[in-house]
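For reference, chains read A, B, C and D in written order, and residue numbers begin at 1 within each chain.
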Amino acid sequence: MNRLRNHSSGPLVITTLIAVAVSFLSGCEVPIASFSSNLVFAKRLEIDSGMKMEPAVNETQSILAEMFGTPDQPTWPKLLSEDQELAGLVSQQRLTRAAGAVRSDQQDNHFGLFREHCVHCHSVVGNGVGPTSSFLNPYPRDFRMGIFKFKTTPKGKKPTREDVMRLLTEGIMGTSMPSFRLLKQDDLEALTDYAIYLAIRGEVERRLMMEAASELDLDKGERLLDPALKESAPDDYQDQLRLIEETVTKVAQSWTGAASSVTKVEAPPADYPLFGRDTAGSKEAQDRLGASIANGRSIFHGKIANCASCHGNTAMGDGQTNDYDDWTKDWTILAKVDPRDKEHIQPFLDVGALKPRNILPRNLRSGIYRGGSQPVDLYHRIVQGIDGTPMPAVGLKPDNPQGLSTEEVWDLVNYLLSLPYEHITQQSSQVPPYQRENP
Amino acid sequence: MSSTTVTNWPAENEPVVERSSFGTWLMTYVFARDHKIIGLQFLFSTLLWFFVGGMLAMAIRWQLAWPWQNMPIVGPMLFSGEGGQISPEFYTTLVTQHATVMIFFVIIPILAAAFGNYLIPLMIGAEDMAFPTLNMCSYWMMWPAFLLIGTSFFVPPYGAGAGWTSYPPLAALTESSPGSGMAQTLWLGGVMFVGIASMMGSVNYLTTIIQMRAPGMTMMRLPMTIWGMFVTAILQAFALPVLTAAAIMQMTDRLFGTGFYLPEMATANNSAAVSGGGQPLLWQHLFWFYSHPAVYIMILPAMGMVSDILATFSRKPLFGYRPMVLSICVIAGLGFVVWGHHMYTSGMSPVLGITFAAATVMIAVPSAVKVFNWLGTLWGGRLQLTTPMLYAIGFVSMFIIGGLSGILMASTPVDVVIHDTYYIVAHFHYVLVGAATMGIFAGIYYWYPKMFGRMMNEFWGKVHFALTFIFINGTFFPMHLLGAGNMPRRYADPYHFELFADMLPLNRFITICAFATMAAQLIFVLNFFGSLAFGRRVGRNPWNANTLEWSAPSPPGHGNFDFQPIVYRGPYEYGDPTCERDFQPQTEPSLDGKDRGLAHA
Amino acid sequence: MGKFWSLLFLCVPVLGTAMYLAGMYTSSGPLAMWFPENINPMAEEIDLLHDIILALSGVVFVATGLAIFLFMWCYECGCNKQLAKFVHGNHRVELWWTIIPTIVLVALAVYQFKVYADVRINRPMMAGADGVKGTADDVPEPASFEVMGRQFEWRIRYAGEDRLLDTPDDILGDVNELHCPTGTVMVGSLKSADVLHSFFIPALRLKNDMIPGTRQIVWFQADKIGSYEIVCAELCGWGHYKMKGRFVAEPPDQFQAYLQRLREKQFLREYVPAPPQPATDQVALDNQPTN
Amino acid sequence: MKTVFAIAFLLIAGGISQFACAADWADLKMTFVLKGTPPKPSAVVGKERDPICAALPILSESMLINAKNNGIQNVGFYIDTRNYKIKEIHPDLKAVPANKVVLDNKNCVFVPHVLIVRPGQTITAKNSDKTGHNCNFSGFFNNTAENFALPPGASRDKIIDQPERGVSPVDCGSHPWMKAYIIAQDHPYVGLSNADGVLSIAKLPTGKVAFRVWHENAVIDEVMLNGKKAKWDKASLELELKIGMNEYKVEVDAARFK
């Protein structure tokens, strides 16, 4: 972001001229030597532990570089590619395609896809602080916590590969994440791999730094992986090495395990009314739909799902609006810093955090559903909650006697789908005025 | 024409104030009220910005030729995070600022303000402008604009990025895009100051030209340059207030939550909804109501200057002086009623589009008349191919291309296809870089001896011309093909579209030509400054020209003329076979006492 | 030296014409680019109009270019030993070269009114209350699809069975992908969710801005099966260049099948683990023969 | 060298502990007292949105001081594994308690405010209020994040199966003032000060033991330890524990609190 050096300054002008000349002579490649460190997290740990985190940051950086390579030459860690189960998670070939500078070969295969399509928002390291990021609302995702919002697995679990792929193809309505569905399938696969790779790398980084901050006395020179021990105490060295490897394996395993934790969606009976499809159906279907929507409305305002407490009685997202998402809480609340406290957040902003913004409950009348507008998507959001946000998961019967039955969830889905067509003042159960003036 | 009165303001009558040498220097060169110093101040400022704007263009071309490649050396300095890639929002900043700088800081001020200031009193035989202090103010009003738009590079989001047209809601909703944050507000402030400066200038020009002509200098004896300036000043005086007001309205939309240009519930990028109630199209109408005439502001003075230069070096009278004057006036008049042709696809009523189309097509007629008259001037002359002459012919050549492609754009259905593609870019670059810049260079080479008392080096001038002419054509002619292929403007990376994927080689060619054009300007810079010290010293009239300024000393002192100029004839009496010399300065009475100035007309 | 300069100026009409001809008539190489194929019969006249204007201006371009060359060649003072012609102008010539362009341009203007009226003013009508088309009570045909521009994508929806937009039975389309049946006049509605966009399908010669707060109605007919690109032609922010969409023209039965697929997807109530089909498989349509 | 010592120490310590009797362990009692004027408890912001909570007198829990003896409540105190590696755990405490830890949503606050759990234990979150709550367990590093809605009368279990570094918050999205904290260390030597500011940890190993101190609203680095000024580097305190009861009194300056 060193953009402050203006074009009009003399030295810059001269260097530009030279640059132009040089560019004709050379192939004009400027490699990016390394991924940047997670300094925001380090800052939090520094406050939390009272230790200078710099040695741990540097050490983590070199351990990661050893395992995960550089932005120009990413590598899938050897220990993962040797593991049968984990090897398939990310392919080295796709990583190579997605990484590095933008270029294409004679067969029109594109390389450097991540830097062509993603870095401007998500940045080279995938921390969501690319040059464009500070202008976007919501901010681009930071992959490094390994948390993703829109997926088919419950909170706390990783998304499946298909979930990541879907975000790429569909984009995220209501945010600045565009759809990449017109890219080649190969390119999308490569980008998916690369995003997973960055997420794993970032999470390993956090865990190693956390390990260093809570188990080592860095001020006394203790290290995560002390090369001096290799000679003097090989067993200890092996222990340290094992710990690091276990961390990497554990993070990778959480991704491979995602597919098995997909939330099972209980489809309603085939004759169940559905908003939109049955709106103009038979009288009977319309009546059943009306009843379903009415029930959904009472669930929305009821205490079980408690939707109205955040989304507001109007469903316009004007309920509880003071909360923050987990990415923000990670360096504010967890570092005992009030996100509104300008003075105390400044050190974090200085190392690259973006100014905290409240996470707002969605305006459900806008017809924009970030996680997808199919009924099944809304079902997922309701029963899983949304990871990384204050949106809780509603309990399902029979596991939770106080929860909702699946039919009630579908009623709620019907109500949500009808909201964009409902008049704001209309709280009764009458059929909403669908017919609008058509241009 | 009414008889002209001469107001004599002898230098002795000015209050003599005892000043320290610093004070004298300050009042002579910084807060100067002498039109020549102000003209040169404008000239140097605009040439400096010309360079800045050129470098911005180079960055644009880099991205189009080597998309997402790391800019060597500069790239890592500016964009270390991405290894030196230009980021897409910086690309929008580049196109916006390139246009802003080139239009508001270069072409308009260099033509209307630099040449206008320098030449108007000299060419009409006046001692100074009508309002010297206002004149000084108009220059110093540019500085807030320079500073505001310069500063906009330094405040987030690092340069306005809503396009030079600043269309709302992109420009009016602060959250809508990078580039519409604080920088956009500063940008609007800059545009407002440019407007004020230009208005001050135009009032001055109008008064000066109407009131302060030398005895005998009737309106129909004015050189074309002055006619160009005169009509330009009218355009500025009537069109600019609209833009300035519109800019203030957009400013209040941004700062105080008014809704002139924002529809009800307008949001972008999840910003809070605006109460709105306005119309985005309103801005487009107001903006183009100024900015279309601005196109003529950017070309009419150059047309005038080129007419003078062509006649001088053809050694024969300008072909059809009266039709030339008339066509300038018609262009200006029609220029006020064709702004809608920028908006054929904007959602404005298509019926309205048709009326604009009719007026626009008609504007080709006076333009064609001018071209034919220039050709008529060349016909049968004794052409002296000096550097200014080459540039003037270059102007004609490029104006033909820019003008002809304009007919395609004037035609509504065709414009629907090529609107906002590189066809448009090619068209207005031919008019502005091709024609107007050629005119500027012609003017600089032509009046340089008058300004500094020395000639610019002819050899290097011609080398500069040849390179510039070749590479400008190389840069902008292929853009027509890009436009025919429908490549859109302001795309940081068009090649991911199948339609435009094949355009990379041609774009590389264009970029290389653009770099070469930029490099060729080094010759000009060296020649310009070198000639200041080493140029051949010349007397009053090195080109054997007729107009009044050549009878003043080179450079003219304070008060311009060391005698009272009295005008006996029109400015284009070259090659009269009945005379001894092939030129007859306007101030010299003819031997037979006959004034041939309006022999034809 | 005069010869050199006149030859330099000669290059402009010669190379310019050559480049244009190369663009028009070559099929490969860096210069081979021209208007993309037009599949909209309603817009055929646009191309014709373009060619007419181009031909006319081409003639003027070459003629004036040659004139400059000739004058420089003949009248350069080094070789022109004659005196300069001392003429201030010529009324008759002035008159002709004012009148002829005026006539040509007025003719062009009138012709383009007609073309423009076809593509932008005369909105397709459908039968009114009397059920017969072509009578006085015809009503404008309602829009059957809507494209909403949003930073930086196209969101598409189709009117459901009620043929009206903005009703609950609207069918949500795939993002960035507009399907239309061939051989049918399609009326669409354009709107914007945030800033100005411009909906541009080069193959249809269709371009119209999307203005927040208002709706724009466009119409066209796609006559050739295939997949074409949608381009954004109005600066809409940093991701302007990213607004790529796909326009798929397919036989009416395939279009109906596509709508049915969308409808099923829209009301999906079971989790389907397969990822959504990316648009690339539609490219296969490109090679199908025209019906 | 350090490692060699450590290994030697481990061998010796291990050998001793084989024969040691229960009386060789140390007990720790610490009293945390505020020096200075305790702040007035402030009412929470935003409760009026929920009519049920609005009717309740809810005060901010971020700093609970006993008005009688200035005791600081909810100070967490546990072994600092950076500076002290636990060699052995007292046999009585080795087993993870089987009971569930209850996290009640009562009167629009979490009760208790700070929970101490051992990995393997289960937290039962229940809602005794008439309004709906939710428990957002999102501050974990090792355990799975969860966020479930708790309708009135509901209770749900959350298994804590991994130890946590540091302290993890729990919050309720619809009532932003509601906060609870979980200390999940994989050893039993964790104390939490009660309403009098007293905490006790039983059956600790003897010798030099390092502890970390935690309070949700303070950085405790400078205190008066048994009347003497002491600097706690990195929120860590090393105590020389003797067999039997060890008592300390800690006075914390009010300035340490935000």
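Here is the rule we go by: contacts are C-beta pairs under 8 Å (C-beta built on N, C-alpha and C of every residue); 3 or more make two chains touch, one makes a residue touch a chain.
Because the structure is a prediction, the values reported are computed rather than measured.
K.L.:
Which contact partners do chain A and chain D have in common?
P.N.:
none
K.L.:
Which chain pair has the highest count of C-beta pairs that touch?
P.N.:
B-C
K.L.:
When you take the mean of every protein CA atom shown, which chain's own CA mean is nearest to it?
P.N.:
Central by C-alpha mean position: chain A.
K.L.:
Between chain A and chain B, what distance separates the C-alpha centroids? Give it in angstrom.
P.N.:
Here the centre of chain B sits 50 Å away from the centre of chain A.
K.L.:
On a C-alpha centroid basis, what's the spacing between chain A and chain C, in Å?
P.N.:
Using C-alpha averages as centres, the distance is 39 Å.
K.L.:
Would you kindly tell me how far, in whole Å, the mean C-alpha position of chain D lies from that of chain B?
P.N.:
74
K.L.:
Just how far, in Å, is the C-alpha centre of chain D from the one of chain C?
P.N.:
A distance of 69 Å separates the two centres.
K.L.:
Give the residues of chain B touching no fewer than two other chains, as numbers and ranges.
P.N.:
Residues 87-89, 177-178, 269, 493 of chain B each touch two or more of the other chains.
K.L.:
Quick check on chain D: which residues sit in contact with 2+ other chains?
P.N.:
none
K.L.:
Multi-chain contacts in chain C: which residues touch at least two other chains?
P.N.:
151, 238-239, 242, 244
K.L.:
Spell out all pairs of chains that touch, sorted by label.
P.N.:
A-B, A-C, A-D, B-C
K.L.:
Can you name the residues of chain B that touch chain A in the complex?
P.N.:
Per the touch definition, chain B meets chain A at residues 51-52, 55-56, 58-59, 62, 66-85, 87-90, 150, 153-154, 156-158, 175, 177-178, 181, 269-271, 493, 515, 519.
K.L.:
Please give the residue numbers of chain B that touch chain C in the complex, ascending.
P.N.:
The contact residues of chain B facing chain C are 87-89, 91-92, 95, 161-163, 165, 167, 169-170, 173, 176-179, 263-264, 266-269, 276, 279-281, 314-323, 345-347, 350-351, 353-354, 357-358, 361-362, 364-365, 368-369, 371-373, 375-376, 378-385, 390, 393, 396-397, 400-401, 404-405, 407-408, 411-414, 416-417, 419-421, 466, 469-470, 473, 477-478, 480-482, 484-486, 488-494, 496-499, 502-503, 505-506, 509, 572, 574-577, 582, 599-601.
K.L.:
Which of the residues in chain C end up touching chain B in this complex?
P.N.:
1-2, 5, 8-9, 11-12, 15-16, 19-20, 23, 30-36, 43, 45-46, 49-50, 53-54, 56-57, 60-61, 64-65, 67-68, 71-72, 75-77, 80, 82-90, 93-94, 97-98, 101-102, 105-106, 108-109, 112-113, 115-117, 119-121, 151, 193-196, 198, 200, 202, 205-214, 216, 229, 231-242, 244
K.L.:
Name, in rising order, each residue of chain A that touches chain C in their complex.
P.N.:
120, 132, 135, 152, 160, 162, 165-166, 169-171, 173, 176, 178-179, 181-185, 188, 262-265, 267-268, 272, 274-277, 279-280, 373-376, 379-380, 410, 417-418, 421, 434-436, 438-439
K.L.:
Okay, in this complex, where on chain A does chain D touch?
P.N.:
The contact residues of chain A facing chain D are 47-51, 147, 154-157, 207, 210-211, 213-217, 219, 229, 232-233, 236, 303-306, 309-310, 319-320, 322-323, 326, 329, 333-334, 336, 385, 387-388, 390-395, 400-403.
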